[in-house]
Amino acid sequence: MNIRNTKIIRNYLIHPAGSVLIETGRTKVICTVTIENNVPPFQKEKVPPEGWLTAEYSMLPGATDKRFKRERGKTNSRSTEIQRLIGRSLRTVVDLKKIPGITIFADCDVIQADGGTRTASVTGICVALHDAFKKMISKGTITENPLLEWVAATSVGIVDGKVIVDLDYEKDSQAEVDMNVVMTESGKFIEIQGTAELIPFDDEQLQEMLQEAKRGIRQLIDFQKKSVKNHLL
Amino acid sequence: MNIRNTKIIRNYLIHPAGSVLIETGRTKVICTVTIENNVPPFQKEKVPPEGWLTAEYSMLPGATDKRFKRERGKTNSRSTEIQRLIGRSLRTVVDLKKIPGITIFADCDVIQADGGTRTASVTGICVALHDAFKKMISKGTITENPLLEWVAATSVGIVDGKVIVDLDYEKDSQAEVDMNVVMTESGKFIEIQGTAELIPFDDEQLQEMLQEAKRGIRQLIDFQKKSVKNHLL
Amino acid sequence: MNIRNTKIIRNYLIHPAGSVLIETGRTKVICTVTIENNVPPFQKEKVPPEGWLTAEYSMLPGATDKRFKRERGKTNSRSTEIQRLIGRSLRTVVDLKKIPGITIFADCDVIQADGGTRTASVTGICVALHDAFKKMISKGTITENPLLEWVAATSVGIVDGKVIVDLDYEKDSQAEVDMNVVMTESGKFIEIQGTAELIPFDDEQLQEMLQEAKRGIRQLIDFQKKSVKNHLL
Amino acid sequence: MNIRNTKIIRNYLIHPAGSVLIETGRTKVICTVTIENNVPPFQKEKVPPEGWLTAEYSMLPGATDKRFKRERGKTNSRSTEIQRLIGRSLRTVVDLKKIPGITIFADCDVIQADGGTRTASVTGICVALHDAFKKMISKGTITENPLLEWVAATSVGIVDGKVIVDLDYEKDSQAEVDMNVVMTESGKFIEIQGTAELIPFDDEQLQEMLQEAKRGIRQLIDFQKKSVKNHLL
Amino acid sequence: MNIRNTKIIRNYLIHPAGSVLIETGRTKVICTVTIENNVPPFQKEKVPPEGWLTAEYSMLPGATDKRFKRERGKTNSRSTEIQRLIGRSLRTVVDLKKIPGITIFADCDVIQADGGTRTASVTGICVALHDAFKKMISKGTITENPLLEWVAATSVGIVDGKVIVDLDYEKDSQAEVDMNVVMTESGKFIEIQGTAELIPFDDEQLQEMLQEAKRGIRQLIDFQKKSVKNHLL
Amino acid sequence: MNIRNTKIIRNYLIHPAGSVLIETGRTKVICTVTIENNVPPFQKEKVPPEGWLTAEYSMLPGATDKRFKRERGKTNSRSTEIQRLIGRSLRTVVDLKKIPGITIFADCDVIQADGGTRTASVTGICVALHDAFKKMISKGTITENPLLEWVAATSVGIVDGKVIVDLDYEKDSQAEVDMNVVMTESGKFIEIQGTAELIPFDDEQLQEMLQEAKRGIRQLIDFQKKSVKNHLL
């Protein structure tokens, strides 16, 4: 089985350094990258100096079947977990030494949710990040591209005992096991999160899920490369 | 002078009852209307029974020139004021007795800000509301259209002593006086908020601003009607 | 029609730089002005240096007919809106360049509410501010009076189709339209907030309300001047 | 030594069931008693049914030498402790069985602080409570007076090794030991809170402080009785 | 390599239904299970009726090398993630239909941290849960043991390119990859969380880590069984 | 009557500078002392320089008969009051001038509660503090022992009209009067908190309670001294 139909619109907004609208099936996420000339305290004393990258993730109220209540009281723990995943994934493929004194904000805002919003966020924000770095280089803010390689993510799960890749909301709700995989262009894993919902999974199922996830991510990385036409600048 | 170039895309999202992307100049707002079969306590004992309508307003981080910090700690007072304005404006043109037991959520999420986000929200959400009521009627949830007449809004201000309508961000920053006007199709005011920034305004200036605002709002209401093709269903 | 019976007691408390008890009809507000030798970050880099003025507004639990719940969880949006109105009104008539390095706190605490608490706050705090500046000059903290002119405020509304000025609570609850006007001694507007409660208002009604508001504010400014006996020091 | 000059103004406000302005020296507190026809969950299942009484304590920003920051983020622990003291003191002299289904709110708002605000609150609110009960009886809400006896409070401390009663702010700051005593008309203690600030106190000092506190409280209770002219209705 | 020296003290506290002190190396966690005769709203309408199980995780201030700041403002996202992991792990091995109308609270409080606090929590709380169910059966609260099988957890990581099981704090800080595995007695996975810290991991490393984790968990389950002497009651 | 059976285990944890498990009857508290090389702003400008000492108090969920809800939303006022009592008690017997630039954190975490948790905390933390100072001296961080004398605390109350010392939970619930007393080795009081629960107490009862409390505290201080074997190093 293949990943769902995927579409990436670059330069979606005028203000951010990089901005992308990614669509995977009916899931749509606005991914924006903005720059701040400052780093958090814990990065300030690094020698040689390093920049920082942090991510935030949210959903619009109209994104879900039932209205999604805004996280105004506090960030719910699901969002916190997802934004940590996005941040960690990007930091693994970015050379922070090449952006000294700079913080990158990677914002992923889901405008329509139909499963796989966190993995679409990782895939889309990497393109926005590519574009932001390109713009920073052309402005002379930085001299070398800090993006080491592409990273993308997809989900894989077991529905009725069968392994399926890139689950939409309906399949995700039926899945006995749900696994998110983040992988780089060179085939290295950054994150494997496999969670059983009531029915645990065995070793054989685990291996099959990993194979499917890798195949899907390779398709996504091909797609990222095509969308920016020339490979990493 | 005329209002900026305006565009309304209906049925922008799949989940909400009504959803619109409105663009005024470079300002873009996603307006969604969702329905809940419940009313807040203070509406429960009304005889005859009435529904309720409430609004929320927010900005995406990539919407502004500098990254807009998410309102996660708490809603800032600017957003609170704007969402009360939107809610009050809509409630004036909706007959709540025609939606007993129902709460309408009117969500306005700014994805790109270039001045006039609150007035674009009022203008756009009224179209989403029209569409939501249409869908509710076709589903048999309600029998009569609760929308009494169209409502739209624009801003007007004094820049270098000169009255200007529908200010973009740059003009708004230069304005000595900033006035938002919400008006109905029949020419009645719902809200007039005129605020001097350091330099107060006199009576003559007030009158000129009011004339310009009325002219702009009439153009917007024509535009709303065209966008739904047939007047109020 | 005239404004309600108004009374101003100066030097009401021992600690603050300026303190006034204002009574308008049965509405009573304690207005205090205190000084801090510090300015918020955004004012620190102004050249030439400027001070700042900020306002807070609150109600005692015994001020209202039903016990008013303290805003301890968080400030409700009504209070936030009112304190922004008070702050903006005062800043328009204060030359911040004459108080470099100084923040003025303008606190308005309603001890008895019977309509018009926000407008009584503006009118009363301006007298407390006058007194605080007087004391600062006599102490040598500042050399020139930063108060440019008097400012006062009143409400005006439409009750049963008739325009009424300085509404008490009962009339305010019946009003179809409620408008607050803040105006300076020289007849310039700082703020016009007109809000329709369900029934919108037309152009003619707007004009009549503006005339009545201006007449009421002129009476209040006469009253402020008499209360300090000599005009602006 | 005697307690400071004390003054009680009854019926200070129009809305609450009982309201008093108490002044002890330069300390001024508005004490209001309001009624709600409801009890908290933990009182609902009492047999025979009982009412409840709860207290809140706060300071206005202009009450203190330096501006007192409003407790809007959250109640500071000093206020929490004081309002629990006030509530407990009153509940000891009120027969809750005589106010079934009713909650009494006892609000103490300090408008000017010069030491002893918590003890003035206890003394003043007891008079407001007396008046509220009187009004409830005359309205037929309750049939018997629930106030069992008078309660009052004062502070006592050791300044330069000498015992002093009813400390103002200056003396309180110099005190090595600070003790608050709440006592009923019949000479029973409700609360003794003695705290050493860096220098602990011995047994003899403790005894002397207790004698002085009792003498002061007896004076205050005489004063309460005179202020309502006839003893407990 | 083997797991660290492990110790389980049952019936550690007098109040809870089940309570265990688990020590893995120098890591010490108090695990308590308490019972409430109520279920959260979302479980109330299940047919047939089901109970619920929820987990909380926290650290004492003296548990870590630097004082651990209490989570009083709000739960940090690390704790939130861990307590969701613990809750999900236990719910997979508990038949909620056998505890209708009952909520189980599984609390894990770390008193000394030296790596692997979340995995020690899972392993320890399962024994406390076993004891709580035993007590509930002997009291007649439930009739059948709801515990389906044992569950335990351990960590595995890559340090200097070498796979190591049950990492203490020092090794964990050096690890390039950190993986937590939760597995049942029957060899099924409930959770696999593998996270690369800057250096991603390849497929071969993943397989080796999984083998080591499984071996460690089998040792822990043997240990759980011995500690309760007879298998599942 | 005597105090309950008391036990002190020193060096209970590996990370903190001082750590003690104290048991009084069935009440068990972990007391830890940690050090930070920093002082709060209000201590920074003291001449000669002074350090600071602050206390925190909390309960584990399994400590009480019913599960104790974690104070994650905010610290409840009972905990706030107790931690202020502990901090004040310790600061009275510590010479802050001997720890310039240093903040001592005194954390008391109740793992099992059966009455008297706050007094056990004071008694136990004083031993942990002794040990922390000993370690600081041996490390050369400070040169002189800042602990001036021992401090301990116990409770005393009136149950069925009879005075009882060191109340367990059951007796405490029955007590008409509850008094906590903190006293130093030299017989000086730091704190006396006597509170009547509905039935006030007279002078004679007060004196008898004080005698019993003093006798109990003397036993506890003997016990502290024995536990560290040599008096204050």
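Going in written order, the chains are labelled A, B, C, D, E and F, and every chain counts its residues from 1.
As a working rule, a contact is a pair of C-beta atoms (placed from the backbone, for glycine too) under 8 Å apart; a residue touches a chain by one contact, two chains touch by 3 or more.
Predicted model only: the values in this text are computed from it and were never measured.
Asks: Out of curiosity, which chains are bumping into both subunit B and subunit C?
Replies: Expected: no chain.
Asks: Just tell me the minimum hop count from subunit B to subunit F, counting one hop per pair of touching chains.
Replies: Step count on the best path from subunit B to subunit F: 3.
Asks: For subunit A versus subunit F, what separation do you get between their C-alpha means, in angstrom?
Replies: That pair's centroid distance is 51 Å.
Asks: When the centre of a chain is set as the mean of its C-alpha atoms, what distance in Å lies between subunit C and subunit D?
Replies: Each chain's C-alpha centroid was found; their separation is 33 Å.
Asks: From the C-alpha centre of subunit C to that of subunit E, how far is it in Å?
Replies: Here the centre of subunit E sits 60 Å away from the centre of subunit C.
Asks: Mind pulling the residue numbers of subunit A that touch at least two other chains?
Replies: Those would be 74.
Asks: Make each chain a node and each touching pair an edge, then name the shape: line, ring, star, complete, other.
Replies: Looks like a ring, each chain touching just two neighbours.
Asks: Please report the chains around the ring in sequence, anchored at subunit C, with subunit D in second place.
Replies: C, D, F, E, A, B
Asks: Once bound in the complex, which stretches of subunit F touch subunit E?
Replies: 13-16, 19, 26, 30, 32, 34, 36, 56, 58, 60-67, 70-75, 105, 107, 109, 111-114
Asks: So in the complex, the part of subunit B that touches subunit C is made up of which residues?
Replies: Contact set of subunit B toward subunit C: 74, 77, 80-81, 84, 88, 91-92, 179, 183-184, 186-196, 198-203, 206, 210.
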